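Multiple structures follow.
In the two assemblies presented below, chain A is common to both, partnered first by chain B and then by chain C.
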Partner chain A sequence: MMTLSEVQKIPKVLIFGNGPTAQETAGQLLDLGYEIIEINPAEDFSQDISCPATGSSPVQDYMEKWGTLANNPRYVLFNQTALQTIEGFAGEFQVRLKRDQKEWIETVGAIVLAPELISTGRFEDYALTPSNQIMTLEELNAAVCSSGEGIEGKAEKETRLKGLTPQTYVAFLVGLKAEGNVLDMARTLSLAQELGRKYQSQICVFCRNVKVAEEGLERLYQACRDEGVLFFKFDDEGPEIIRSGERVILHFTDMVLSQPFELVPDLLVLDSVHSLSEKLQGLAVSARINTDGNGLLQPANVHLLPQASNRAGIFLAGPGKGPLLPRTGLEEAKAAALMVHHFFQGETLENQQREVTVDKGLCTICLTCLRFCPHQAIGWSHRIFIHPLACQRCGICASECPMDAIQIAGYADLEVESKLTRFRQKWQEVETTQPKVVIFGCQRSAGVAWEEVQRSTFNVKGHLDFISLPCAGKLDPDYVLKVLAMGADGVVVLACPEENCKSIYGNTYAHGRFEEIRDYVEETGFDPRRIRFEYLSSNMVWKLKEIMEEWMEELGGMINQQSAA
Partner chain B sequence: MERIDLKKLDPEFKHRVAGELGGEHIKKCFACGICSARCPIEKIEPEYNPRKIIRMILLGLEDELLKEEFLWHCSTCYTCQESCPQRVNFTEVIFALRNLAVRKGLAPAGMAAAQNLLSQQGRMYEVGDFENEKRQEMGLPKIKGNPEDYQKLLKK
Partner chain C sequence: MNLDNPKVLILGGGIAGLTAALALNRLGIPVELIEKSEALGGMVRSFCCKASPVCQQCGACLVNDALKMLVGAHNVDVHLQAELKEIKMDAKEFLYTYSRPGGGGEGRAAALLLATGFTPFRAEDKPQYRYGLLSNVLTGLDLERQLRETGKVIKPSDQAPPQSMAFIQCVGSRDLHLNHPFCSQVCCGYALRMANLIKHKNPQMEITVFYMDIQSFGKDFPNFLNQTRKQIRFIRSIPGEISAGDQDQLIFTFQSDDGLTSQKLAADLAVLSVGMMPGLDNPVLSKMLGHPLNADGFLPANPDVSRPEGIFSAGAVSGPKSISRSIAQAYQAVEEVAAFLSKRSSV
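The block that comes next holds the complex of A and B.
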């Protein structure tokens, strides 16, 4: 097995993106001394039109920056290039690229995925079609913001706005059909303010939550209210939209007054759908990283730092993870550059010092481990290869391996077994009326809660032992059966809450495996109520105590009944 | 409840209230509801709801609001004002609304009578022989009205 110190890190970074985030990342990393290969999937660069609230720069700024980058000998840019696959591991990735009909491979040490999103009007969700009365946020932005020079149709859009007077009403629909975001809200607030000032129309904003979690937005929200913008907030999907010929009519009930209202807006502005362009839909699959429910580049998992993907060495920056204000995208670019730098500097986690071994004699190269690894850390040629930097030591591969060929130092099968043997010896020396229970818990959640409980006073009627696992996904059915065979009265398995597993699906596997174990346990004649599975986070100390105090007592009752019977 | 056409309401009303003494911060409200939650009058008279009153101002329900008698039920305990996270100063908004109502001739009848007494007598209660007899029994000196002095003051 390769050791950490043997891992080669090629000081070249591949940046994938078609806009300011990728550009900023490139600039930062060049300053830090790395060689940069930039891949732009499109032929031109996506641009956000300047608007004070969203803080983006005009097109000229971008073009100037490209010029500076192009002059740097450590920088190369490939336009209209697609990313086909990312093979290899952190420190030495082989990225297959394609442009026109030509394919080639670049070898790099780290990768930053920084695509931009395309925004389109949310017509379909509102069951509306474009008309004179309706504009999208993007169209309105282009018509109103002064530095949108050269935008086609800007003049035409401005004419549509000329119909606005102090007697007219403008309605914004934002964040009603899907959870809102700061980008649409920032645009809505600044455009509402702008229209109110320019035309003195009455502006109404229909929304669910007012998303102001960015600098300056709370202030902007207050300013809008001070200047007379009306906000209608809803718990549900908001106004009913009725079409009557060319007109759109809004029917809604004000939530404060419980009073039904009707509004025929003179101008209706729709919020946007933000998604990866068609060319980029397959990016996550090509890169073998996990996505969220909307196909964006990072699942909603608390364990993933903003710039991290589930694959070591592949970093994320910008709106590819979800719509952001452009200036936030630039901040993320800087953060990603810093993370890349730390990666190259050799900062590793403590648990990555643990050795992972694959017994060549037992391994049959069935590739089960490779398929299950949530971090894409396993490769193979004539034998299985676990990359020491990509591997996060979760142990899912070890528990799935049909031959038990994989062992992680500190959590090896023999080590667990010797712990269980020590427990058995201990139990043989104590009286048996009180239940003996073993808890298997994920070190991140249950392990932390267990330490906390140890520090406080608690009242346990029995003998309780805790075996820490790197991830609940490391739980082997053998462990549970062995524990029961050695004389334990009960077994508890604790995993991190759903959608919050650091190994993405370790807790799900653990739960599935637990259901199998329950079947085995029943077959062997044990009462299935003696084993228990719970989702538990590190701060749910109360739950752990509840299990320890109340469940142990029930268990005691159960075994005493059974021995009495 | 009948459906109201938002366009028939007056969007300027909120600005007029903001222009009144006491109503300056009316538009700061974001409808958190603390005022209604803590109002002692709302507990016994649910129709008197500060949050809803503010919402009616913001939406422009001027006539519906100013004719309401409950505007005069506020006890001016100032609990709402002390609790408001946005410093809307709702008690003073009530004062502003009352002034607007009076200007439109919409004060309750009792208010007009009280106002008359106050402007003519300088007191809420007329002091007559009955009152002075009672005062004598308790060992207190008699009171003379002096309404002319008070009217001179008012004329200033």
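The block that comes next holds the complex of A and C.
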């Protein structure tokens, strides 16, 4: 197996995206001295960035500075280029790019995916069809803001806006068909204010919740109200929409006045569904970059904060993770640039220094490890190899390996077994009749809680010993059986709560294995109450104490019953 | 001072300051961290895990990760119970003195990172809710601590578990009477997550949330809110008063939808979702550093008026922020510091 010092880190970064987040990331990484290849899937960079409330001014400044980047010899930009595949490992990825009919491969050390989202108007949800008097928030934004050149139908939309007068009505339908988000609300508020000031039209906003959880938005909301914008809030899908020839009629009951109302807007503005492009969704699947329940980048897992993916060397920034204000995208761009900088220049983290070995004599190249690795750190040719930069030392592969061919220094089977032997010697020395329990726990959650338990007042009758695992996913079924065979009264496995595993699936793998062990233990005649599996986070000291106090009592009772029998 | 390896001074050892310290340490940039209280970890240290049983992405556990990693961080010099006394800027660096028990110290730093956090809204300042007078009126922070320490909810009046409880959102936030025209950004998150946690532990508990607008948080929020709505009752109204009722209950008085009649709801326990207010030291820091405060009293990360070069900020010092945003901002700030130091050394 390669060691850390033998692997390459090519100081070149691929940035994928077509908006301000991608460009800001590129600029920051150039300043930090890296070579940059930027891949823009579109013809041009996203211009949908202006309007005051969404934090456009720094973005616009940035766009102006943009020209200077192109002159940097360390920077290459490919427009209208597709990112086809990502092969290889952190430090030395091979990315296949395609432009027109030409395909080629570039080699880069790290990748930042910073895509914009594709916004599709919710016309179908509202049973409406696009027209000059019905448009999406994005279309209106482009029509209102000077930077919206090149947007399809901009001229017609602008003409439509010019027809607005103080006698006309503008209605926004936002966050009604599905719970809204702060980006759509920020746009709505700033556009409502803009249209109100410019045309003195009566503006009505229909929504479920006014999303103001960003700096300055509550002020903007209050300003809109002061300037006469009306807000109608609903707990359901909002007003009934009736199409009558060219006209759209909104029927609703006003909550305050309890009276039915009818509004015929001269301009109707709808929100959109925001999603990742199909192409990028496909890439995420093929490169095994995990997404969330909506197919957006980065699964819901706090250990990936701020910009990590499940794969070392691949970072995620900006709206591709979910709709956000452009200024938040810029924050994320800098955070991502720092994570890239850490990857190349940062001190190697302690766990990354542990040696991982594959015993060539034992390995049958069954590829179990490759299928189970959540970090895509394993490859094979004539033998299995584990990439030392991509590997996070979680140990899932080691416990899944049917041949026990994979070992991690500090957590190798022999090391665990020698700890168990020491526990047995200790129990023999004290000749105890009280319950003897071994805890297997993830070092980052249960390990931290265990340390705190030991520092606190904690009185249990019995002997408790803790074996730290790099991740609960390192739990080997053999360990549990060996502990029972050694004469322990109980074994408990502690894993991080679901969706809170640093190695994504380590806790659920551990749970699955534990269920198998339980069946086996029952078959062999042990009382299944003697083994337990619990989810525990580092700040759940109370739960660890509670489990131990109650269970030790129960185990003590079982021992007494046995000795009485 | 060693210009090849300049030091960064961080004020505040909460989640933002710790994250920034570790991120700088990883780049080999030495850090001196001054923390006012007796321990590192800040407010997040007293927050509970809200997994019920699936993680709800609050991020409270991340402070433990940070504290654990700090043990191995060789370039971070921490001073607890310490306070900045004086700071001066010359062309190249900050010269500062600080006090701490058993004598203070002094130092020089090339950059200053503000991570002094926030002050929770004083629930007593909304006297109509009788916090401190009625023992079963808690703040969101009180509930966090209860759950963190014991995993249970109890009524302080008799230490018994409540059968019903109600959260009031926006206590101190989005309040024009108090001149707080800002959203605290975290209260919907902590209240709904704790409500789900309590409901998970006690399926019989009746939980109500009084609110104006529910703010989005975390990944896949629409799905989260749909699930939450199935087990929590939402009332779009902010109660005007909490008073004592019969049988140790609390009475919440609120306006009906029509805005004309008032309604009452009885519950065993009240939780005031207090917001994030500017740190108490912000005015002093502002003066000491020549760093303008914004209209709400925070020290903004990107002030309209310029602040002295070499000052950066992370976390709630610049405005209300969740744990995840504080972490992202700490990374952002460290990236800016790294760029600033490398530019400076190349001049």
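The rule we apply is simple: the second predicted complex is superposed on the first by the 413 of 565 C-alpha atoms of A that agree within 3 Å, B and C clash if a C-alpha of one lies under 4 Å from a C-alpha of the other, contacts with A are read in each partner's own complex, and residues count from 1 in each chain.
In this section, a contact is a pair of C-beta atoms (placed from the backbone, for glycine too) under 8 Å apart; a residue touches a chain by one contact, two chains touch by 3 or more.
All of these numbers come straight from a predicted model, not from anything done at the bench.
Novice: Tell me which partner A:23 touches in the superposition: chain B (first), chain C (second), both or neither.
Specialist: neither
Novice: Between chain B and chain C, which one contacts more residues of chain A in the superposed model?
Specialist: Touching more residues of chain A than the other partner does is C.
Novice: Output check: A:136 vs chain B and chain C. Expected answer is one of first, second, both, neither. What do you get?
Specialist: neither
Novice: Of the partners chain B and chain C, which touch A:204 in the superposed model: first, second, both, neither?
Specialist: Only chain B is touched by A:204; chain C is not.
Novice: Of the partners chain B and chain C, which touch A:228 in the superposed model: first, second, both, neither?
Specialist: In the superposition, A:228 touches chain B alone.
Novice: Classify the contacts of A:259 with the two partner chains as first (chain B alone), second (chain C alone), both, or neither.
Specialist: First partner only.
Novice: Give me the intersection of chain A's contacts with chain B and its contacts with chain C, in residue numbers.
Specialist: After superposing on chain A, chain A residues 222, 233, 256-258 contact both chain B and chain C.
Novice: Which stretch or stretches of chain C touch chain A in the complex?
Specialist: Listed in rising order, the residues of chain C that touch chain A are 23, 25-28, 47-49, 51, 53-55, 57-65, 68, 72, 148-151, 174, 176, 181-183, 185, 188, 212-223, 225-226, 234, 236, 257-259, 302, 319, 324, 327-329, 331-332, 334-336, 338-339, 342-343.
Novice: Please give the residue numbers of chain A that touch chain B in the complex, ascending.
Specialist: On the chain A side, the touching residues are 169, 202, 204, 222, 225-226, 228, 230-231, 233, 251, 254, 256-264.
Novice: Across the complex, what residues on chain A touch chain C?
Specialist: Spelled out, the residues of chain A in touch with chain C are 28, 31-33, 58, 178-182, 208-215, 217-219, 222, 233, 235, 255-258, 292-294, 296, 298-303, 305-307, 321-322, 331-332, 334-335, 337-339, 341-342, 345-347, 349-350, 444-445, 448, 496-500, 535, 537-540, 542-543, 546.
Novice: Would you pull the chain B residues touching chain A in the complex into a rising list?
Specialist: 1-7, 11, 14-15, 27-31, 51-52, 55-56, 58-59
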